[in-house]
Amino acid sequence: MNTATRPAAPPAPFDVEKLRADFPILTQEVHGRKLVFLDSAASAQKPRAVIAAMTAAMERQYANVHRGLHWMSERTTEAYEGARDAVARLLGAPDRHEIVFTRNSTEAINLVAHSYGRGVLAPGQAVVISEMEHHSNIVPWQMLRDAHGIELRVTPITAAGELDLAALARLLADGKVGLVALTHMSNVLGTYTPAARLARLAHDHGAKLLLDGSQAIVHRAVDVREIDCDFYVFTGHKLYGPTGIGALWARRDLLERMPPFLGGGDMIASVSFARSQWAQVPHKFEAGTPPILEAIGLAAAIAYVEAIGYSAIAAHEAHLLDHALARLAAIPGLTIFGRAQDRGGVVSFTLEGAHPHDVATLLDRQGIAVRAGHHCAEPLMHRLGIESTTRASFGLYTTVAEIDALAEGLLRVSEFFA
Amino acid sequence: MNTATRPAAPPAPFDVEKLRADFPILTQEVHGRKLVFLDSAASAQKPRAVIAAMTAAMERQYANVHRGLHWMSERTTEAYEGARDAVARLLGAPDRHEIVFTRNSTEAINLVAHSYGRGVLAPGQAVVISEMEHHSNIVPWQMLRDAHGIELRVTPITAAGELDLAALARLLADGKVGLVALTHMSNVLGTYTPAARLARLAHDHGAKLLLDGSQAIVHRAVDVREIDCDFYVFTGHKLYGPTGIGALWARRDLLERMPPFLGGGDMIASVSFARSQWAQVPHKFEAGTPPILEAIGLAAAIAYVEAIGYSAIAAHEAHLLDHALARLAAIPGLTIFGRAQDRGGVVSFTLEGAHPHDVATLLDRQGIAVRAGHHCAEPLMHRLGIESTTRASFGLYTTVAEIDALAEGLLRVSEFFA
Amino acid sequence: MFEDLRDLYQEVILDHGRKPRHGAKLAAYDATARGDNPLCGDRITLWLQYTPAGAIARAGFEAKGCAISIASADLMAEIVAGLDAGAARALADALQTLTKTGAPPTLDAPLAERLARLMPLAGVHEFPSRVKCATLPWHALRAALAGTENATSE
Amino acid sequence: MFEDLRDLYQEVILDHGRKPRHGAKLAAYDATARGDNPLCGDRITLWLQYTPAGAIARAGFEAKGCAISIASADLMAEIVAGLDAGAARALADALQTLTKTGAPPTLDAPLAERLARLMPLAGVHEFPSRVKCATLPWHALRAALAGTENATSE
């Protein structure tokens, strides 16, 4: 972690009940029961700080950015560009111009697949992904493969649900791989991938590394310089921020070499009908009116997480995970998927005799929100020999009591279908 | 206007002062003076209803959409899909599946340029745009031209700032034009284009018509069935909604024929490494977590505008425009650009002896927010023989007194530079 | 605790969901289709055997899915036997209405009787995200009748 | 009403903005560059003539821009004459600091004197969106010195 540019986190003791008070939604009831929200990996709830930042912008200080010479526009531009600083700080990026705002992780990966994939990679080169990717880190590469003649290679995972690094090395051996695109944390198995080792491995074979940090950045401090990767993407709504915003970090020299993705206002230096010239990075990649309010909300979310501190969050979530694994393992007929050494706060499982959908519906009636399905990772489901799982996932506001409620709820579900 | 599916607007008298109370920001001061916000064409201010809808979602009812079986997700999905209904109603679209949510108009046009341009148009075909397009409706077509061998034709405007329909007919004559992409209202000249005539003209020559409604939809009711166009795009933040959301309407058969744009979660029917199958429209075009909160905010904005009623808004703004044209024309050395028969609430002008930037800065010091520059329409500026203008633009909350303040402010600016 | 779930998980559903009677591929068949629920990965393959006159003689399926979708598939296979394509489609329409609104539409006598046997699926209308579980097999049925190979329950 | 604008629009600025002394193309030149402000469409073309020793002999420009950018260009053209490339770049850096912070950085005597003549541009730091107006000509200067043809003031 880059302590030099990150504001020092106050070593406050982690008081989950106090933090829960920051999230208005957590006091809601569902089906007459207190909401137990265990679906944060799909999208996290929003703290008051985020809601307040967006409201304040709309109530007191708003206009379009970049193009305005008046006070409201200047202030809003400062706030928007300040969000870029916040993301740069969050990721330990050396240069704020390396941060491109997108709608979400999905668009960020598509941007790379388009602008780096078609613009820099040559037909005949290969891209490597893994068996445990989210669809967002599969489909863009399939589209690139089909449109641009790029080979798509899939690196396997082990029985424990970890990357098989020896297999990955073999896939890289022929030097044809231009880009390795891997999740930094699986949204199904919870597995953290060894980011810095992956970067060395990719670089040793002449490939760039893209990390999908959609899940990882929620639970753990990330420093792209320490990892030494080349691209990093994440999505705001999982990091306690609003929907409609995500970010791509990429090394500046790569961004400079990449042709633009979308065309329009704000991404040009000059336009004539004969030809247009592109603006400098990152603006070259931000066409049209950007997600201004969303950037402001994201900056507030980042400040909120930083103030609590990643080490406190990680410690709390590690405790939750241990507790969850122990409680769930004790439920008859329950199978947990993934047993990586290094894992974050999601637990996927199946329950004998009850389909994941039915499990989710019966938990929902108890006020417990979990996800059921393939979690946008169908190939991983095939690899595991299943169609779907139920998944419980944690946020910084999750409590041990909620895990207990889940375990008890699952026992009731088992009874129901017995 | 499609009165059958649109909720009847109460025939309330238009009380601008009462409506202004719905917009908290309008009571703000800038440089110690009451804000006079005449930059709504760049981005409009937000009514309390929009702020409240987004806040309520974040405080009381939020989760990711489509993939959840639990209460919060079901309710949020209903709200998100309800926003699609609201957009379909707003545009008079015959089928809600024809509405695709995007980040903004720019992305919507890029989507069409990519999926229709590369996927349906063939190299050698042509696309027609006009001299008065926003960069967002120029650059995507240039990129298509350069990547896909599509010819780009530019239809001229008359001295009055209207489309030259005879010239357009000549450009269409050889039958090579696959798509005509035109603004529905110029963001610089205020000109409305004759949408239904354009549709007939395009169709008579075998071309489809895309209308950029970014400005038009703010001021006037739109019915895509009446116009009989093929694509219609607009952007939420100009329609009193949040940033981060826009929409594309397209005829269903066209959407069906278009390959997807971005790849990822939510836009697939099934994924395997060998090959993926796309979801049905509109989901095929909505990859990743969509702008959920933004859709909810946009739905509130649409409801707000519908409740006031487009006819009341249009009448109010026509009055403002007449007043503004009269007051500004009386200012020595002031030149107004555009004198279309049919025009909306934007006025672009230059002032002798003062550069538009300097004008904007001096107005800003008087609390008056206007825009100065090329307004993302550089080719139009070249056509007019200038580099930039100052632009005042109106919203439903604009008052006659604010126009007077502008006129008086401009007189002071003239004095300053005299 | 689960009283209100009895609307959704009636005994008939739990029973057909656990032990489907028609959950196997037909040895000989005239039409087949696959149905996918892209939102959850559920999948059904349906096989139809026609009578010489072109009515459905028998139906069989293999499915990965929840109690609701398996039960719906099994009830469907049971009920469509003997129907011609038009009647089967009318029943599929009726099932769609039933699961969306909770109320059965009015049908002619022979079909009405079959629809009555689908009433246990009516409770699904209170669970919007589960409606697709119940309708997936019927989408596959429509696809098989139309000679298309794939259907989704979007 | 405009008292506080006098910081931005000092007499020197208004005067150079209205009647630039160097606002013309050079008949003979050794380097040229164009600067664009993509945010507003402002544009400057700069021409430089070098001394045999490689210092700047003369500078001339054509510009479309506001009072601030024209004045900045004209003051620049006046002041860079006689400077070698390194010194001109140092002055460009100093101007950047001056317009961003309002305070002049410390420079050696001969440059410090020239920087003093740029002090009327200091007021621009209070108007963040106008800083680029003041720096655009200096971006073009850097580009011309480097032999690149285009600069933007982003």
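Each chain carries a letter (A, B, C and D) given by its place in the written order, and its residues are counted from 1.
Heads up, the rule we're going with is that contacts are C-beta pairs under 8 Å (C-beta built on N, C-alpha and C of every residue); 3 or more make two chains touch, one makes a residue touch a chain.
Source: prediction; values computed, not measured.
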Most widely separated chain from subunit C, with each centre as the mean of CA atoms: D
Pair of chains joined by more contacts [C-beta pairs], B-C or A-C: A-C
Distance between the centres, which are taken as Cα means, of subunit D and subunit C, whole angstrom: 76
Where subunit A and subunit C are represented by their mean Cα positions, the distance between them in whole Å: 38
Centroid spacing, where centroids are CA-atom means, of subunit A and subunit B in whole angstrom: 31
Whole-Å gap separating subunit B and subunit C, where each centre is the average of the chain's CA atoms: 45
Sequence positions of subunit B contacting 2 or more other chains: 31, 67-69, 73, 268, 270, 357, 361, 372-373, 378
Residue list for subunit D, restricted to those that touch at least two other chains: 39-40, 130
Partner subunit D, residues of subunit A touching it in the complex: 66-69, 73-74, 77-78, 268-270, 277, 279-280, 283
Contact set on subunit D toward subunit A in their complex: 36, 38-40, 128-130, 150, 152, 154
Subunit A contact footprint on subunit B (complex, rising order): 24-25, 28, 30-31, 35, 37, 39, 42-43, 45-46, 50-51, 54-55, 58-64, 67-73, 103-107, 109-110, 113, 134-136, 138-140, 142-143, 152, 154, 235, 237, 242-245, 260, 262-268, 270-273, 275-276, 287-294, 357, 360-361, 363-364, 368-373, 375-376, 378-379, 382
Subunit D residues within the subunit B interface of the complex: 1-2, 4-5, 8-9, 14, 39-43, 64-68, 127, 130, 133
Contacting residues of subunit B [partner subunit D, same complex]: 31, 354-358, 361-362, 365-366, 372-374, 378, 381, 387-388, 412, 416-417
